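Look for chain A in each of the two complexes below; its partner is chain B in the first and chain C in the second.
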Partner chain A sequence: MGKGKNLVHRENRAVRTELRMRVWVPLLWRERVLLGLLVISGIALAFFSDVFLTTTNLLRATRYAAEVGMVALPMTMIIITRGVDLSVASIMALGAMTMGLLWQRGMDIWFAAACGSLVGTLAGFINGLVIAKVRVPPIIVTLATLAIYRGIATGLSGGRGILGFPESFLFLGQGGIGPVPVSTLLWVLLTVLTTVLMARTTVGRTIYAIGHNEPAVRFSGIPVDRILVGLYTLSGFISGLSGIFYAARVATAKSNAAMGYELAVITAVVLGGTSLSGGEGTILGTVLGVLLITLLQNGLTLARVPAAVQDVLIGTVLLVAVLSYGERLIRIRGVRMLVTGRQFRLDHDSKEGRT
Partner chain B sequence: MLGRYNREMTIAVVLGALVVYLGLTQETFLNPQTIANVLTNAAYVAVISVGMTLVILAGQLDISVGSMLAVCGLTAGALARAGIPMPLVVLTSLLLGFAMGALNGSLVAYLGIPSIIVTLAMLTILRGIVLWWTKGYWIMPLPPEWKFLGTTVVLGLPLPVWISWGVVLLSALLVSNTLFGRWIYAVGSNAKAAALAGIDVPRVTFWVFALNGFLVGLGTMIHVTRFSQVQTQEGLGLEFLAITAVVVGGTNIFGGSGTVLGTYLGVLLIVVTSSALTFLGIPATWDQAIRGAFILFAVSMDILRMHVQGRRRFVTGLRTPE
Partner chain C sequence: MKASRVFASILVILTLVAMAAPLQAQKPVKIFMVPKFTGAAYFAATEKGAKEAVTDLKKRGVAVDFLYTGPSVANTDEEIRIIDDLIAQKPDALIISANDAEALVPVAKKAKAGGIKVITYDADVADPAARHYFVNQATFRDVGATLIDVVAEQAGPNAQFAIVSADPGAFNQNSWIEAMKQRVKAKYPKMTLVDIRYGYDKPAESFSVAQDLINKYRGKLNAIIAPTSVALPKVAEAVEQAGLAGKIVVTGLSTPNDMREFVKKGTVKTVVLWNPVDLGYLAVFVAHATVTNKFTKSGGKTFVDGGRLGRKEVAASLEDITAKGTVKLQNVIVLGPPFRFTKENIDKFNF
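For the complex of A and B:
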């Protein structure tokens, strides 16, 4: 059923994706899809509300985007290595709760916040250690620690929230430098850093390589374990930090903070075109994914569309977008297999003798 | 022979030890009422986890079960309030579950979108539909015959318990004694090889999702009919509970190996632990942390055992089998 044509078409596209090596050169297909969606939905939403397309509103919207967006950066890297970190939202809650409890016991708020992100880092380190050393699949480890970390936050707090943080601290989540929220600035900074890391450093290229073929990378003598532990630790650190910003924004530290954020983060990353089967994805795509979701949520809210309908829309956008990225099973010689541009590129590469 | 049931034995021993300990230290634990309670609480989780086992065995994942439960439960509630006879309401719930599962299945099997993404989208979409439709209001009051299915006691145990045992038994037979069951294992352990061996991989994938949906419909009915209202947040987080039960029960998260019996024991272990906390006076707020520790411990032990047995296949850097 038109197998041959499909194959050629895909191979052509695969060759083109090689250009991804140079980040700012031609955008990938999926990044163009996202940009198109961003522009179209931006224009469409502007018709429904006068407030929507104003700098103040859009900057305000990035406050929420930054919390998800920061966590989405290490998540992208982790998913590129073929892993996943389901525990991020729990680490956010644990970080915020640690800070709240220490502050309540008389510690200086900034020192307490530092301790909160330190606990987040430690939580991420534990994830990484179990994944890399005991070799438990990441999805299981982080599914378990999702429950454990949130459970510890709930257990320690007894389910009660902590309120009454000082003004100077709330500035972190409610004020900003000029009209730009603090968290947004940090998000931009982290985005630039991770983009450079992924595209311009050996570590970044190794992360892609791990997703392509981990055993091969191990046999090449690259310290895979150290990179994995590092990534999950980074994820923990940023999640802890993001949890502090969350607590400052809602002015409360509570154990059910950021509930369900892990799904929002993963949705953004997948929408951004990172393949769950590893080796594929860009930081730029993830940022576009986060922006698209935020834009839709903000614009639809202003257009008085109920939150429930927004969920339906975002879910549908996710399905349609992923379908258009073409990461799917196709039938080759009667065999169904997962075909991403990458697998063909690998074939193509090996033909030329440079894997 | 016994080696095959290694994992089940381990859980059974842990479960047994826990029950004996609680029985000896807490007078009220081993009375028929407590046991019936534990089994009833486990019933709907068991039915849905069995469905999840089928999906995971086939190498897929379904994280939309919680939202599916909410859709089925609320629809059933609304129909019952509208005066539709109960048998018809139950039938609708089953068909609705089946239809949603079939939708998941077709998107995964025929459009080839990865199952995590499909069901992640469905989780959001279905929950959104539920909230949109009910506006967050609970469905109540319900007609008196509503609670028949959930509260009727047969031979000392409530109907849901018998239904869950029936489901466990039939599904165990399905996966181990039928051709379709063996196909599920084949597809889950190596889809490419299965396809080359002439198995219609997409069809098997479609049917596991459809069956899972059907079981969610059934699980919903034995759950919601125990209470006199249906809440909108029904089923929130159920997907994690079900996956935990399946994984603790010894099923490989990447498919291809595991048993239905293991899953049922996994469910019992989780439910017994939850009630053990109450008996031991540990605040219920620690429930989640302990449940998480369980998964991590169970799976780490498994993998360490494989290290010791030198089964390198799983160990040499292969996080997901190809």
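For the complex of A and C:
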């Protein structure tokens, strides 16, 4: 009897430990790899430029990470459900364009910005609705809306950019609190919120479960569709918001805004260890992925490395990192390895508890 | 936890080491140049010119710390990020060719506010207040005039000519066409523009509209002007196929690499453009002059030393012809009259 009780106790611990693991991601191999790469490249790049390792420079560089970083958060969740949202960059442009056009027609800039992110939310909601209700694969739906949303933005603007936004608005994209850019602060806030959502709530666990085995989750009576619609709507909202920040940063609302950002976002998510086959990934991994790419781009530019060589180097880092996430390969071969992996961590944890 | 703590302490240590690094004893003029993108022969030619200028400045005893870097493909966001990273290194001057005239305004303003001299070349930013000077490769007025002059020289001042353009809405194209019309009106009243056709910058369409023109005006057409690098080689090909090489004058705007075979065969005697090597060269001299504030004034005009290119005028305001009417450019240095590529000089260029 005592033994059985102990087992139950152990299982509870296992669940709790797993939760903790998702919050303190350094426990996972891929985050260790990313941290290692961050440290190594940080040290290496510091030798080539005296500007690189200064707080001012690093914080300034996060301004470029923040827009991609924000959009990467819901993207991580969507990819965990085995989906993808290719329309994010087009929604950014659509959001920025909506705001610009409304402001040009006399609306208050902040109200216009709210409308811009609202239109983004609506665009995301439409994505989610088609994906969940009509059951068309996300890659096809969002590939179509990638073209449609960008097309609407271009059509509305006639290809012309809108300039001359008030200074108070430009502060969003160009100013900061001390040396910390406003967008970075928002990124940090959203990161904390999404981390909690993914690691501490039922919705978070369901998102992982959908990625592992969607039919099983459906048969368990969990409203999968509602969660999916919610995720794509969230993605639309954050993309719209990020588009507003983008417009404030470049002081222009133009329909070619954020061209190609969807790839930068997906690259960061994959580098962060999220599996495209679903069920696996962490918010912190994605954040580390975004940071690593930003750090490399910034440091290599400061080290005067030509852009073409930068692309090759960053591509190589991506490949090396993803190849080193051997964990996934092992998991494909058999669940056993995964179980032993967890057992090890659990044992390690309980040992620590005893001493 | 542990890993992040170690990381944080390493960062702190390295920051301290970096800050303790000794300052450089001598200070060369730091000039950074950011093209639209690096993967193009055209911009490589501007880089070549810029490096020649750096060598010429060194010969005069001016040490220049020169860096040429930019996105590998045309990408506005990359360009903005790169420029912002470069501003952190506090160069004395930045030379920029803008991928997007509007989106680059804030970052150019930021550089200017940070005490950096900002020079645009090849493609200006939308707000002239965001930069100090724009090194203009050639005004629409000059390019249009030169194309008409070439036709007048090769087909006579009474020539009947047609134009093969890109897109009816293309601002550049329409501005050059407008400048051509004004040149005809002002200098060659007997010359007539019989037709304008559009090839939409697609090789096949450009070729077929050129054929249409040749057939429709057979025996009456003396010249075809194509102010686009896509259409010009196709017009030359159509003229050759019709057996009219040498009978119909073909000229326009294109690059030496696209036109080399036609110029060597003689189908096209003159290709008009500007010399990107000189453009890059002049941009560096203007940047240096702006940093050291070395401008000369004479007769109410301001001039800048352009090295081997000689003295160039700095125009506080310059009128140019465009499709939207006359515009006033501010703080512009024009490279000079457009460059003519001919059989004699075309092999000196690779872009």
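Note that in this section the second predicted complex is superposed on the first by the 302 of 355 C-alpha atoms of A that agree within 3 Å, B and C clash if a C-alpha of one lies under 4 Å from a C-alpha of the other, contacts with A are read in each partner's own complex, and residues count from 1 in each chain.
We take it that a contact is a pair of C-beta atoms (placed from the backbone, for glycine too) under 8 Å apart; a residue touches a chain by one contact, two chains touch by 3 or more.
None of these values were measured; they are calculated from a predicted model.
Q: Please determine, from the superposition on chain A, whether chain B and chain C clash or fit.
A: Overlaying the two complexes on chain A (C-alpha atoms) leaves chain C and chain B clashing.
Q: If you count the residues of chain A that each partner touches, which comes out higher, chain B or chain C?
A: B
Q: Examine A:Ile148 and indicate which partner it touches, taking first as chain B and second as chain C; both and neither are also allowed.
A: Only chain B; A:Ile148 stays clear of chain C.
Q: Under the stated touch criterion, which partner chain does A:Asp311 make contact with: chain B (first), chain C (second), both, or neither?
A: both
Q: Where does A:Val71 make contact in the superposed view: on chain B (first), on chain C (second), on both, or on neither?
A: The answer is neither, since A:Val71 touches no partner chain.
Q: According to the stated criteria, A:Val33 is in contact with first (chain B), second (chain C), both, or neither; which is it?
A: neither
Q: Check whether A:Val270 is in contact with chain B, with chain C, with both or with neither, and answer first, second, both or neither.
A: After superposing on A, A:Val270 lies in contact with chain B but is clear of chain C.
Q: Quick one: classify A:Leu319 as touching chain B (first), chain C (second), both or neither.
A: Once the two structures are laid over each other on A, A:Leu319 reaches chain B alone.
Q: So which positions on chain A get touched by both chain B and chain C?
A: 306-308, 310-311
Q: For a test of understanding, state which residues of chain A touch chain C in their complex under the given definition.
A: 24, 26, 32, 35-36, 38-39, 42-43, 46, 49-57, 60-61, 63-64, 161, 163, 170, 174, 249-252, 254, 256-261, 297-298, 301-302, 304, 306-308, 310-311
Q: Tell me, which parts of chain C touch chain A in their complex?
A: It comes out as residues 1-4, 6-7, 10-11, 14-15, 17-19, 21, 38-39, 67, 69-72, 75-78, 80-82, 84-86, 88-89, 100, 102-107, 110, 126-127.
Q: Can you list the residues on chain A that touch chain B in the complex?
A: Residue list for chain A touching chain B: 82-83, 130, 134-141, 143-152, 154-155, 157-159, 214-215, 218, 224, 255, 263, 266-267, 270, 276-277, 306-312, 314-316, 318-319, 322-323, 327-330, 334-338.
Q: List the residues on chain B that touch chain A in their complex, please.
A: 107, 111-114, 116-118, 120-125, 127-132, 191-192, 195-196, 201-202, 240, 243-244, 247, 253-254, 283, 285-296, 299-300, 303-304, 307, 315-320
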